[in-house]
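Following are the structures in question.
In the two assemblies presented below, chain A is common to both, partnered first by chain B and then by chain C.
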Partner chain A sequence: MNKPSTQQAILVYTLLGIALIVFMTPIYLIASSSVKPSPIMFQKPPAMIFEPTLDHYRDLFAMRPFGKFIGNSLMVALGSTAFSVFFGSIAAYAISRIKHKRMNDVAFWILSMRMFPPIAVVVPYYIIFKTVGLLDTPIALIIVYSTANIPLTVWLMKGFFDEVPTALEEAAAVDGHGLISIFWKVTLPLAAPGLAVSAVFCFIFSWNEFLFALMLTGSNAQTAPVAVMSFWSSDAVQWGRIMAGSFVILIPGVVFVLTCQRWLVRGLTMGSVK
Partner chain B sequence: MKSLRLTAFASAVTITAATMAHAKDFDGVELKMLAIGDTSVTRLAPIVDEFEELTGAKVQIDMFPYPGLIDKIVIEASADSPSYQLMWVDSPWVGVLGESGALEDLTDLVKRDAEEIHLDDILPIQLQENTWQGRLLAFPASGMIWHQNYRKDLYGNADEQAAFKEKYGYDLAPAQTWDQYIDIAEFFTRKAGETLAGEALEKDFYGNAQAYSRVAGAITHDFFPIMRSFGGSYWDPETGLCAMDSEAALAAADVMKRLVAFNPPDYLGLMWDIRTGYMERAEVAQSSYWSVRTVRLTNPEEAVLPTVGEAGYAASPTGDGTAQPTMTGALSFGINSKATDQEKEAAWEFIKWGTSRDMMRRFAEEGSGVSQFYKSILSDPDLQEKYPYYKVLLETQDNARRRIFHPFYADVEEIFGVELNKYMAGETETAEEALANACTKINTRLKVFPEDLRLRWINDAPAEIFN
Partner chain C sequence: MSEITLRNVIKRYGAVEVVHGIDLDVEEGEFVVLLGPSGCGKTTTLRMVAGLEDVSDGNLSIGETRVNEVAPKDRGVAMVFQNYALYPHMTVRQNMEFALKPLGLSAKEVARRVDEIANMLGLSELMARRPAQLSGGQRQRVAMGRAMVRTPDVFLFDEPLSNLDAKLRTQVRLEIAKLHNRLGTTVLYVTHDQVEAMTLADKIVIMRDGHIEQVGTPEQVYSQPDNMFVATFIGSPPMNMIPAQVRERELQANGLALKVPPRFEGRLAEGQSVTIGIRPNGLSLAGAEMPNAAPARVEVTEYLGNEALLDLRVGPHELIAEVPALGRPAPGTEISVQFDPDAIHLFDTETGASLSR
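Our next item is the complex of A and B:
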């Protein structure tokens, strides 16, 4: 491959710089607003130099049990992710390996579960969870999020399992491995990037979801996004506290994605070159 | 200061004594409140243990975002065994909540306990705000009016007064008519480098800040008080259909359009608190909004204005300067109609405790931003000195009219928000076209229903507690 010319390098870095500014500006605004005193929050032009304050962070944890809400979010997001990746992988493996003329229809039917507009199912979910006593519990949200995450996982993982040569599984079978052992020791490790991709998508969806969390929880299982937005009241939108909360809830998502990054890059590009 | 402390102590003693009568009546009862993080709630939430100690009932307040709360209330009210016994209610919601049967009728409870709750001391319009078809569905926890805030320090400046008089031919004072309001807005709109009260401006200064954003119907909230001040009505009393394209409505739209030039350049994005922020940062000469936010203008920790100038407060202007109804509102507490009888009684006890005159006085003395609705508190000289806008709050409510309370309130807020915003942005040519579009859309939805039902929805029968 030829070394890029100086002009090409300048162009690439300029475009990268612009992209970086576009993507990082909201995060900068969140971070700076979270430490900006309320009286100058919306000053125009925006105050770039000011004495930072941690008041919004203090209020965030003093006025609401925000630590508990973060814990709820983690429990729900990790629970749903684990549940979805586990069952989604098994289902995907079955769809990938079972040869049947209607198998594509089954796969599409599973995907169609994700096509429901959330607002259409929120009341039925409310009534069901109310009836079985699961309203305002993390389990309710884990179940709801899993119904959206499992179809996604199935479709993602099916592609990865399709890429794993069946000859490897046949060789393992000759060596005396059973179906579960083959899946667990041979196929799944080879599809690990797919697991990482699925886990990241499941986690991000569950972590950020708002509508179900608003309608199906009270203060026992309230998640961080709802708690952050609860600073939007009738007499004021308390932007400082909202920004502080937004910045705090950015962190676990970033940590999770960075943790999975090693497998993620490989997973996203796997199969792109034959 | 000493008198304030004494009053606070006396209040605490009175609260304790009053509630001792109900001591431990509700041992084992657990109440949950579906609420928002509004000052009417956040002041109460940290002290609910006091209520438990007095009555035995345990109260848990769950705070949710304002957007979506009414949907959660409606869903909650559809369950036979409710999770929440107490509901936070914004007064325009009483129509939809009343029609859905979500809230318990408090009329008999209020009549029964009239003396205990000092019914005669409550501004009647604040109770009417929570009334639906003659039934009181919620009890005020924070009373509001729409009024104007202005820069008292600038209005009192001799140079500014002289210049204003020379230009407009009358004295600079809080506007009594919208024409005066527009004059003042024009007068104070200045560019950076020009002089304001003898000092060169470092940045542009604006004559007015009004909400023009369509988000959450913010512009509709500013439009209605102006329309009402011209004598306009929401509905045609003969048909129950939209009447917000009347002469009064057109005059209100015209006022808002004429004010555009004197607003900050981002006027189309100004929502409630972004608009109030301009006043709080001392960047505008005047701004009209709900009194629940006004308390910030007295607090240097929440606003720049108290440190660089002084806020003044006055009734909202009117079309012709004669007394027109002030727009009022209430943030209130209601009881889930599906709660058990014991829960309802405990919930009413909590409402009485949390909205009592003594509690409201305690909040005022502690410096909390709860807008008030007891006449004795609003007329208290010490408190009027501390919160100068109390006087305006009190005086304007004799002649106040309630907010829109129709079951289709949310549609009106949204549709008028979009149509008015488009007119202010120049996307719609005339006010007639904008208002006609809005009314047509609303009427299309309303005409599905029979006329007698539409007429029932607009019927503002007085709460039977006044009988």
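Our next item is the complex of A and C:
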């Protein structure tokens, strides 16, 4: 590759700078507002220099069991991620390997699960979970999120499995390994970047989801985003707590993505077959 | 016991039949090479033996056992793949150990076996590397090592040398021959390279279009080809083929008349259409008065060092002759070329079958 010229570098960094401002401004506002004393929160122009306070965070955990809601969120997000990645991978492997003329239809059918508008199924879900007694439980949310996450995982993982050379699986078969051993020790490790990508998408979707969490949970299984919303009541909007809650919500997602990042490296299959 | 037996083995993909009921016996300890042009069904046959392809019909046995429905892992075979198929996420040592895991050996025994084979193949220095960090020749040896650690009953090789450069190929070919002498394991080896086949095989199986054309020792397929396909496929440059007719105890072709060699007498009918086959080294330069000689014009000479190849025009026929390089005629020269009667093969022009037996 040619070394970029100075003009190109300036252009690239300018664009990056603009993107950074666009994406980081809301996060800056959340972070700064969460430590701003309430009286100066809506000053114009915004107060850039002020004495930071942790009052909002203290209120956040003192007034409501916010730790519990974070725990719910984590349980639901991790549960749905694990469930979706596990079953999605198995399904994707079957779709990738089984040669059948209707296999594409099956794959499309799975994808079509993601096409319905969520609002359309909220009420049916509500009735179903109420009937079976799962309303306001993390399991209900895990199931609902997995119906969206499994199709995504299947399609992502199918692409990764397609790229694992079948010769490697054949070699493992001749080396004396059975189907499960081959999948577990040869195919899956080589599709690890796909697992990481799937896990990140599943986690982020489940972690951020609001509509189903609002409708299907009450005080018991409420997730953090819904809990933050509850600071917005008819008589007052507690901006400080909302900002503090929002900032806390940001953290696990960032940690999870950074953890998975080292697996997001492609090129693991290089050097296996010519 | 580890002999391989194929009886009327058929392979179909949907309605298309690619292997048409072949019979083959591979004796215990024998080195058998499946040889043929691309698409002849040799790799499919090998993969059926490995269990990577289903057998559509017929019987496939390893030892005394019919293995049509036996999973690859239970067949006691080891295979070296054309593209090596090394596990990229494992080191050389892990690649070799992986083949031993299903045997449930102790860690000590696994290490002993792996080290022994690694020593034999000169891989000891490379054990901690991953396949991506190896050269083509090294990968090839790891692939062989992985097959060898299992001490299988049967070795299967699928064009193992085709990804190596010419020099390395010769070297590894020799290694394989030595290993077979040493281990004495039954080997089924697929290649399209006749030199590999001739140098390695106890027995060569020549295939075309899903049929076996001939089974025999390298000497047999070279000197007693069953048909025109085998005759032209084996040998480089290929055997010269001249359409002719039997007339008055002579083989008459356009611009050429050869006496019917004594061993064919009584086997040919007057007026029969035959094809004369003669290898380049069956042709020699001669005086015009000699029997079985014909006038020829040298079109091109190819100098090979010890020998030279002459592209000759004899009447309408283009022939290749192999002659001593010393004193070779110059291009454009009119010469006389002599046909060694002992080197003449005759084939039925219609069926292609040899008339020698």
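Keep in mind that, in the parts below, the second predicted complex is superposed on the first by the 264 of 274 C-alpha atoms of A that agree within 3 Å, B and C clash if a C-alpha of one lies under 4 Å from a C-alpha of the other, contacts with A are read in each partner's own complex, and residues count from 1 in each chain.
Here is the rule we use: contacts are C-beta pairs under 8 Å (C-beta built on N, C-alpha and C of every residue); 3 or more make two chains touch, one makes a residue touch a chain.
Remember, predicted model here, so these are calculated numbers, not experimental data.
Of the two partner chains placed by superposition, only chain B is touched by A:D136; chain C is not. In the superposition on chain A, A:P46 contacts neither chain B nor chain C. Within the superposed three-chain model, A:G67 lies out of touch with both chain B and chain C [touch as defined at top].
In the superposed model, A:V174 makes contact with chain C only, not with chain B. Touch criterion not met for A:G17: it reaches neither chain B nor chain C. When the shared chain is aligned, no partner comes close enough to touch A:P26: not chain B, not chain C.
By the document's definition of touching, of the two partners only chain C reaches A:L190; chain B does not. Looking at the superposed arrangement, the partner reaching more residues of chain A, out of chain B and chain C, is B.
Shared-chain residue A:S219: touches chain B; no touch with chain C.
In the superposition on chain A, none of the residues of chain A is touched both by chain B in one structure and by chain C in the other. On the side of chain A, the complex with chain C involves touching residues 165, 167-168, 170-178, 181, 185-186, 189-190, 268-274. For chain C in complex with chain A, the touching residues are 50-52, 71-73, 77-79, 81, 83-89, 98-99, 101-103, 130-134, 136, 139, 146, 150, 156, 163. The part of chain B that touches chain A in the complex is made up of residues 32, 34, 36-39, 42, 60-68, 71-72, 75, 78-79, 81, 83-84, 90, 203, 264, 266, 271-274, 276-277, 280-281, 283, 290, 292-293, 301-304, 331, 369. Partner chain B is touched in their complex by these residues of chain A: 38-45, 63-64, 122-123, 126-127, 130, 135-136, 211, 214-215, 218-219, 222, 226, 229-239.
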